[in-house]
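These are the structures in question, set out in turn.
Both of the next two complexes hold chain A, though its partner changes from chain B to chain C.
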Partner chain A sequence: MSDKIQTIENLSIGFKSQNGREVSILKDISTHINKGETVGIVGESGSGKSTLALAMMGYTKQGLYTISGQCLFKSNNLLNMTDRDLEKIRGKEIAMIPQNAGQSLTPNLKIGYQIEETLKLHSTINTNDRQLKITELLHKVRLPSPNIIAQRYPHELSGGQQQRVAIAMALAGSPELLLLDEPTTGLDVTTQAHVLELLNEIAKDTDTSMVYVSHDLGAIAQVSDRVIVMYAGEIVLDGDVRDVLSVPIHPYAHGLLNSIPKLSLPGLPEAMPGTPPQLEKNIKGCSFFERCDFATDKCKNSKPELFIPMNKKMKVRCFWHNKLSEKQRKPKYDSNSAHKTKNLDEVLKLDKISITYSKQSIIDQLLNRFSEKNITVKDIEIEINKGETIALVGESGSGKSTILKSIAGLLSTKNGSINFKKTISLSSDVRNRTNSQLRAIQLIFQNPDESLNPSHTVEEILSQPLKLYFQLSGDKLKENIIDLLKKVRLTENYLYRFPRQLSGGEKQRIAVARAFAAKPDIILCDEVTSALDVSVQAAVLKLLQDLKNDMGTTYIFVSHDLAVVRAISDKVAVLYQGRLCEFGPSSEVYKFPSHPYTEVLLGAVLEPNPDLKPVLTAEDRVEESPPEIGCSFQSRCPRVLGEKCFTETPPWQFSKKGNAIRCHIKIENLFKQQTSKN
Partner chain B sequence: MFLLILKRLGLGFITIFLVSVIIFTGVEVLPGDACTAYLEREAKGELLEICREQLGLNTPAIERYLSWSYNALYGDLGYSLSGEKPINEIISVRVRNSLILAVTAILIGIPLAIILGIVTALWRDKFPDIFISTFAIFSMTIPEFISATILILVVAIWLNWLPGIVIVSSNSTVLELLPNIILPVIAISMVMTAHMLRMVRSNIIQVMSSDYVQMAKLKGVPYWKMVFIHVLPNGLLPAINIIALTIAWLLGGVVVTEVVFNYPGLGRLVIESISDRDLPVVQALALILALIYVGVNLIADLLTLVVNPRLRTLQIRK
Partner chain C sequence: MVNQNQISKLKRVSEVLISIFSRPSGMIGFSIVILHIIIAIISPLIVPYDYKEINSLIMLRPPSEEFIFGTDQLGRDVFTRTLMGGRVALLVTFFGTLIAVAWGGFVGIFCGLVGGKIDDIVMRIIDAFLAIPWILAMLLIVVILGTSTQVLIPALGFFYGKGIVRVARAATHDVIARDFIMAAKARGHSNFSIIWNELLPNVRDAIMVEGAMRWSWMLLAFSSLSFLGFGVSPPTPDWGLMISEGRGLMSFAYWSVIAPIVALSSLIIGINLSADAFAKALGIDRTQKAPV
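Let's look at the complex of A and B:
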């Protein structure tokens, strides 16, 4: 084997809790990173993966301290070095690429300066060479016109560009070890695929060792040689990426992998029951005991060690790993639970709605004229039937949330109408809607932390829609609330809890219960699972599906995650720059022929399989505003026909199976081009 | 950028205009007028008529507003009733006196507040922070009239180091005034510094725990370099507006302190003219104070625009 660049020995990091007890976040971690190797560290929130990555730079967040163990970088223990010595290593020999590049770049300093700072600190080259080097670095991370970017401030760049700048900054010191903390979380799918490709190239070209921390097994699969799976501050599985992902012999890794929705498999993924144990809890046995299907008394009373079983190449912390290696991964996808109730009553129709965020000129306002310029969302026509789940998909800026807001009446439309149950035309202003119209449409938001009032108990939160729409009170009210809790698989015990006393998944369940309290016809779901861990996501998706089957509710589901959309929706609408590109049954949208943009999106999806590489066809670029004439996708489309695409709005074409594609290319030709390539 | 400055200036003018209207109508709707207020019990018959004639109070309100604001625009604020002197003359001396007090307090208090704020933030929860913060809370909570009185008692009466109250006349020279301002400045600075210190401290603490400061540490930027380049410019930005408000407050005359020390500044003039029922002076003072607040805040806004690149571009895009 090659040399070890970093060795971690028996590392425990923790904090003092309020009652003075020592609580560990990392428990007795021992591992190493080899030269030139990329190690993926995967785990859900609270598993300690970021703390481990920071410890590899000798950094512990405020309030945390090293309880025992060491982090050896070239035989020096980083954790007892002086700040002076650490400053020489950080940024030069070990560099960090942070999770949120936008917040990790100092707002008042130009990009060029921030990169130059690293160069100044860690190299002896002169001013001229430094400027050249900055251009070279920005060029290397494939930013267009590096000299202009260097003069910009961080807020003037897009998310993808900021992430690239962070990578360039980390590369400035030519580090031997690169730590990446969720570097692509929060980026659009296509941007994410491009950034990962760039990282892979850097790893290959420079022989840098990398530690890639992420909750996303798809991303981990694309970049890593080796994977470490963490659970509750411990390493539970450690081995070659292909071994770990094909036969995950730890039950947690197994469950994690199964809870990811995949493009190739329609239907809902299998949810993992339970939540990770509380940090403060003292666990005698295996930390995964409570959630494990294989658990026995032995697991409860004694702690399994991390060891390499016979005939295996990976380390595992489980007594019963054999059971899992025998039982090959057979995902139990209930594909029939989706696409059930087919009821062809139309409940909502968006009739050519257009929405604009830009202010209209005073003259236009006075004449009540509608200016055609800068329309955020244009001519959206969608019919939604009762009991269907419609998904709106697209990257950031595609207008999907904008449409959702206007259905809810939070954003007024400039043109077109929203028709409810064929006869009722909904006002585009929420203040003009009747009580029953308001009740009929409910919203679930992305982040339950922000959508639940922190000073209300669960009971108060759930009682509000019941009081408002059904005038319930007293025992009747309480009965209904308990009933709602049961529906979202929570018990009565939750009644008097505050949102801060709930886990992320529980909070989102309360948000779901609140939406269902109004007995709505339509529920608008805005990225409802993107703030959740994958195992929790699977459970919430399952819950939504079950409730829909019971109550016949219609969902309008907004998401950037194509795999999630595939799992839950009956019909999919693909949006680019506020224009509809493709619309049809989800089984068809995910097959060719597709709109070229759908094709680009599908190509960029990361599957948790190292041998399925994303296909990158279109340039990764952020457009400021949609083009005024022609096809909305004209400037990024890999299949541009010619002049027509830039001057004429493409016509709708219909395939035999019922999906509509808006493109100038004849549908037969699209199919030929797309299938011949792959 | 240029357009933006113009826009802010325009808004400033509109504010001043609105304030002038409000002041004028406010004085107008009060029962009685300048003459009845001034003449008091003799406000009847011929005497009252003559007074009104002199002051032009018989013309319609709009006409009077127009002439008042027109004159004010050219710097003429009219005549006071009690002293029968031009208001400009009365006020300009007071403005000078208040300025001396304010500028001294600003020069001492603001740098002190910023430095102490930084110190307390960087040594958070350590000895310097605990010591300074406790002291700050004390000087914030004790009202000025108490601290001022104690200062007079200790420094002027027990120790006999400085004059306790100002006994020089309002038109005395700067040099004559100087020894008199030491105690008022201390009294004012105590409250002002404490307030600003706490703001600066919490801003800096917030920036210190931001992602970009963590990133700077992980880049290997030495501590003090990080503090000066990454922390302070961002942490002190919000302080500009706080400083502006404090300066406006100071220039507007620190009423309580001026009264306690018998200091001949704007603040005391406000009290005096109100108790003398000298309405023209009250009116003029209100206008000047509004001008000071708008002006100082305008400068602060423009300064923030210059220093904060984020605000600059965002505003232009709109």
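Let's look at the complex of A and C:
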């Protein structure tokens, strides 16, 4: 067919392991990209999706090489071409948009100059017209006032703007194929939704083919026409986005989809058991065999081929796909409503907390005055009851982690107090807390690679809190450690391993176990699942929920992911620029009426369903510091009332169902406005 | 159960060792260094002649069966003197390096931890010392305090600890920014416990590698001092001294300097290669990471 822009035939890419064996990362991949088509490649870390995308540009990472197969771009095998020939194609005919635009733009050159460089290389436009073209490109990626942006340096732009510039640079050569490697990972939800919308428009306007690599099925659903699901270096499912996401007939895709928390379905998602097979392992049968519910002896001994089953429009690599298409995709969700409304003992109260990172001026210090400028977090008031899960939600810079740190005593507060169990006022400096106060509050960090000491074994890691708080030693200590490991569903075999010998999910389990070792009243979870793959994330969330039900622990859960928060929390606090916008039971916060900011956030959440498009109401703009007077959300709010919003701090309003909203708009009017529009 | 933990740690050590010896640089480097150390230890037992016996009848004999490296201007056997010439140098620089690592590591970690004004002041002092040409300072010390090993070891140790201060400080900065330190702080561990359990094991590797590098530099420095006549005093055999003594006669009695030059260079290359392989095995050299 002539409309195929790229064809990949039997491609295998791998590396030589230390003992000289050939280990393949991609195994016998055959697929193609049609002209004007957007293909989403989805898979978890280690599935080979990035390697495949790079191969489409004729590039293999250092240490990797092509074992067999070819990658044809317009009948040229990219993997055989010389660097010089590839240079002519890269950037001009195939362009790549990297994950982190902030790092791929040269920091000391102006945006306009960097785009001009690309133009010089890949177009025939003469010098006079180049400036026009730059403006046009920046305009195309919907950057406001392109001429000003062109004169700026990368660091003067926000993350979303940098990503747009990267897209503009990729478009400079008018490529026929655009490769996007996780282009929205690491961006805030609203920004992400805006960038995806832009990509959709570009695909429509320019008829460019796109390959969108991501672990995020929500993002894939928004942009792709076709989806390729990868597992352990193989394509396991390949078909139209609607077919794949509505009836995923491969068990892995099925499990992946179920493990994503969704806004539309409260409760915990279903976790997928097991971990992907090790690269070095030679698998005779199906690579998903060990984790599959439908596996039989046939799956163990012979490898399924990628084929198009009867009456289906997609390719699948499974013997038992029929079982899945019959099985109604109605995930059985755990309901977490059972533990609601227990004894409402207040366990922690944040009373008008303000935190600032900036040093106070000497005059302010002398007069013992509290400067109103540069306050990162201001007047936070939250009451937390025993056994509840409170979520702090907001985009980057909203101060959610800052609040967590000050609860843990790692960051001192300027104003306000932290009250523990009503009577005890906690010092905001960890050194002034007593042993039992320290024990009561434990932290779990975002990235277990960072939070576990790489030179300690699991046994040493877990023994630290036990020794510190309970002075355990000898057999007693060991018993406790094994007990903890069992609690987080690990076995004794893990005792003497180092963190680097564990998978991401296992590491996070150890971190959870370490927090629980102290038998705390409160556990602070700082984005605990955002560094994990979705299937692992579901398992960790399930573990946290189970442990909470067993031990009655209170969680304070910080996350930027509204769907995860929906799945696990009882109450939600929405923060913007260090100010509380909305607070209430999670079932209510996710319903209207909402604070306009909550509304914007909810609208931008991506669901793995191509028919549920995000609703974009507010501009995606990053504010450097919160406004000194008025409502914190004033400059981005789509529902600004007028003068009042800029001069007066909005009052708290309470809805009938118990959520508090800080807005000048009357709560009834807010409800009317928000519901009538949809 | 403690044993189990130690087994895990030993496994890690053996992994590092295997990794070192599976690299050509590590294999060659370590072989050279170990050979040198063995020779230095056993040389008094195996040398064929007395190192200090002067014999005017056999001055400047070229290499022969009797004297395989020839003899020097005082009729001493070059082979004997070369075998024994590393003894003092190795001893002085080994202990010198230990001192350098100890004080450099301590000050570096301390500065990295306290930060602020104290860090600023200490680092500026270190910078000032770095600006002084080491050889000038060493000469001054040696002239005032003499050339005994008791002077040379601490003096060299002091001068070569400055570089370790910087490395230790940078490594400390690197590690204290990581979450596991914060986690320990939040748990309420004492500062001592945080430094001992969390920080030290993670900066140790970087300091050890830097120490190994400094060892080879110090060796060169010590030999230079001997060469200038401020290190080992005759008749004790020493490579630097031997090169210095044979220098004037090089044009017609090359053999008196070739052997010590080769010995000294090979030891320095050996140490450098080992330090390199060591760094790579520990994963400190980030460019050499495995592809996946």
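Everything that follows uses one rule, which is that the second predicted complex is superposed on the first by the 670 of 678 C-alpha atoms of A that agree within 3 Å, B and C clash if a C-alpha of one lies under 4 Å from a C-alpha of the other, contacts with A are read in each partner's own complex, and residues count from 1 in each chain.
In this text, a residue touches a chain if its C-beta (ideal position, glycine included) is under 8 Å from a C-beta of that chain, and two chains touch if they have at least 3 such contacts.
Predicted, not measured: the structure shown is a model, and the values here were computed from it.
Placing chain B and chain C on a common chain A by superposition gives a clash between them. Once the two complexes are laid over each other on the shared chain, residue contacts for A:E87 go to chain B alone; chain C is not touched. For chain A, the partner touching the most residues, choosing from chain B and chain C, is C.
Touch criterion not met for A:A531: it reaches neither chain B nor chain C. After overlaying the two complexes on the shared chain, residue contacts for A:F498 are found with chain C alone; chain B is out of touch.
In the superposition on chain A, A:Q62 makes contact with both chain B and chain C.
Using the contact criterion defined above for the overlaid structures, shared-chain residue A:E117 touches chain B, although it does not reach chain C.
Once the two complexes are laid over each other on the shared chain, residue contacts for A:Q103 go to chain B alone; chain C is not touched.
Looking at the shared chain after the overlay, A:L177 reaches neither chain B nor chain C. Judged by the touch definition given at the top, the superposed model places A:S455 against chain C, while chain B stays out of reach. In the superposition on chain A, contact of A:P465 is made with chain C only, not with chain B. Annotation: chain A residues 61-62 touch chain B in one complex and chain C in the other.
The touching residues of chain A, when paired with chain B in their complex, are 57, 59, 61-62, 83-84, 86-92, 95-96, 98, 100, 103-109, 117-118, 121-122, 153, 155-156, 169, 173. Those residues of chain B lying in contact with chain A across their complex are 209-223, 229-230, 233-234, 237, 307-310, 313-314.
Within the complex formed with chain C, the residues of chain A that make contact are 15, 18, 25, 61-64, 279, 408-410, 430-431, 433, 435, 438, 441-443, 445-447, 450-457, 459-460, 464-465, 468, 478, 495-498, 514, 518.
Contacts from chain C toward chain A in the complex involve residues 1, 4-5, 7-9, 12, 22, 178-180, 182-189, 197-198, 201-202, 290-292.
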